[in-house]
């Protein structure tokens, strides 16, 4: 299996995320991007806020650009912390949870971003989505 | 009466806002948008600062994108709070008061954004404006 | 009477434009800006396309920036003509009719931009609107 | 059935478009937006160029903003034609085929944008996609 994310993979990731969102009763925006941060698949469930169309995609792209889950950035960007202002760079990043990188055979192959619920809910759904293609 | 905001509705909202602004003696920028966040009506009173041309529209759009009054966002975006950095997303949002969503038959049909006074004044005028089509 | 456009002036311009649009049976977006190109008043009639929210404002601003009606720019920006590419500059201008500068006592005090109909209709409504404050 | 596009509708539109793209052997980017031009569903098939991530979404949004298929704009924006330069406005529009508005009960409820093939292929897929919720 090659270390790239196919559209079929992206659809599986999206479907798993949508199912988890339904399970926890929070409609979501879910975005899946490839290793270059380019959108592969997206869905917005009925009732999910529209600000999160952008935020979900931006979380996924941030995960690619930083090679890290967006939740890991939260302490780093606070006033006085080392990367204060980071979110203003690279075209605008998101520094709260809900973006999760996806690895295959040790390589970063894509990311998923989830937004519309609480940060905890977003992370829960993003992890469930990412798990759909993990080993 | 259908669940959309007509131009006549928007004019009533704007007129009510302008009247309230005069009543409290603070010239304002007032913007009314439809359910998709697209501008329907706008007015800037003599003496109101011009930065608020953008701010008032952005408050209205933020109310649509977040499905919430902008005042509700203020605590959420502070340093250390859950959505720190939120205002950088979705094309730029405003996280202080003065944007108010408008509902009809339970559906989000539009929003009004007011800016140029103190936040308290902006909220007062926005609520008076929105009330023109409620009930 | 001083050489500036008040909000009351802008409302008269807008009202005259809206009336002309109804008279010719073409719903319009109508924007009125001050001498600095900053929005004073705006209205979008039911049925007018939403692309014209931006186009009407851009026509008004272009009239200020060029100190000319936008219709005057059309021949100048064609391939091979002297100002080919002009519309890409200054933040994006519009080089077809519907933007009309407004003068008072020989000074440029504002402009009106109209969009959503044919160029001929847009110009007709813009001129009717501008005439509401002319000497 | 109410005059809005649900996420289930958007998924049906996307699925129909993906199927038509496979049938004609041209991988595509397909975007579905709601009546306000906000993204509902998106898919990029393996091998489809990534420039079309943006183009497909922009075609869908253009169809909303202009209330017309993007193919209808092509003659209007040519040098010498009435709306030369139109595509520079409203945040950037696309004036070639592949964007198709979707109506329900006579109301504009959304649009689909398709990009990555020839314009003829894009239009074919967009029409097949839109047809999934018509009638």
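By written order: A, B, C and D. Residues from 1 in each chain.
The definition used in the following text is that contacts are C-beta pairs under 8 Å (C-beta built on N, C-alpha and C of every residue); 3 or more make two chains touch, one makes a residue touch a chain.
These figures come from a predicted structure and were not determined experimentally.
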Averaged-CA centre spacing for the pair subunit B and subunit A, given as whole angstrom: 30
Could you please state the distance in Å, as a whole number, between where the Cα atoms of subunit A are centred and where those of subunit D are centred? 25
Just how far, in Å, is the C-alpha centre of subunit D from the one of subunit C? 30
What are the residue numbers in subunit A that touch two or more other chains? 50, 53
Mapping chain-to-chain touches, which pattern fits: line, ring, star, complete or other? other
Chain pairs in touch? A-B, A-D, B-C, B-D, C-D
Touching subunit C in the complex, subunit D uses residues 37, 62, 64-67, 79-80, 82-86, 88-91, 93
In their shared complex, at which residues does subunit C touch subunit D? 49-51, 53-55, 58, 74, 77-79, 87-88, 92, 94-96, 118-119
In the complex with subunit B, residue positions of subunit D that touch it: 34-38, 64
Subunit A touches which residues of subunit D in the complex? 6-7, 10-11, 36, 38-46, 50, 53
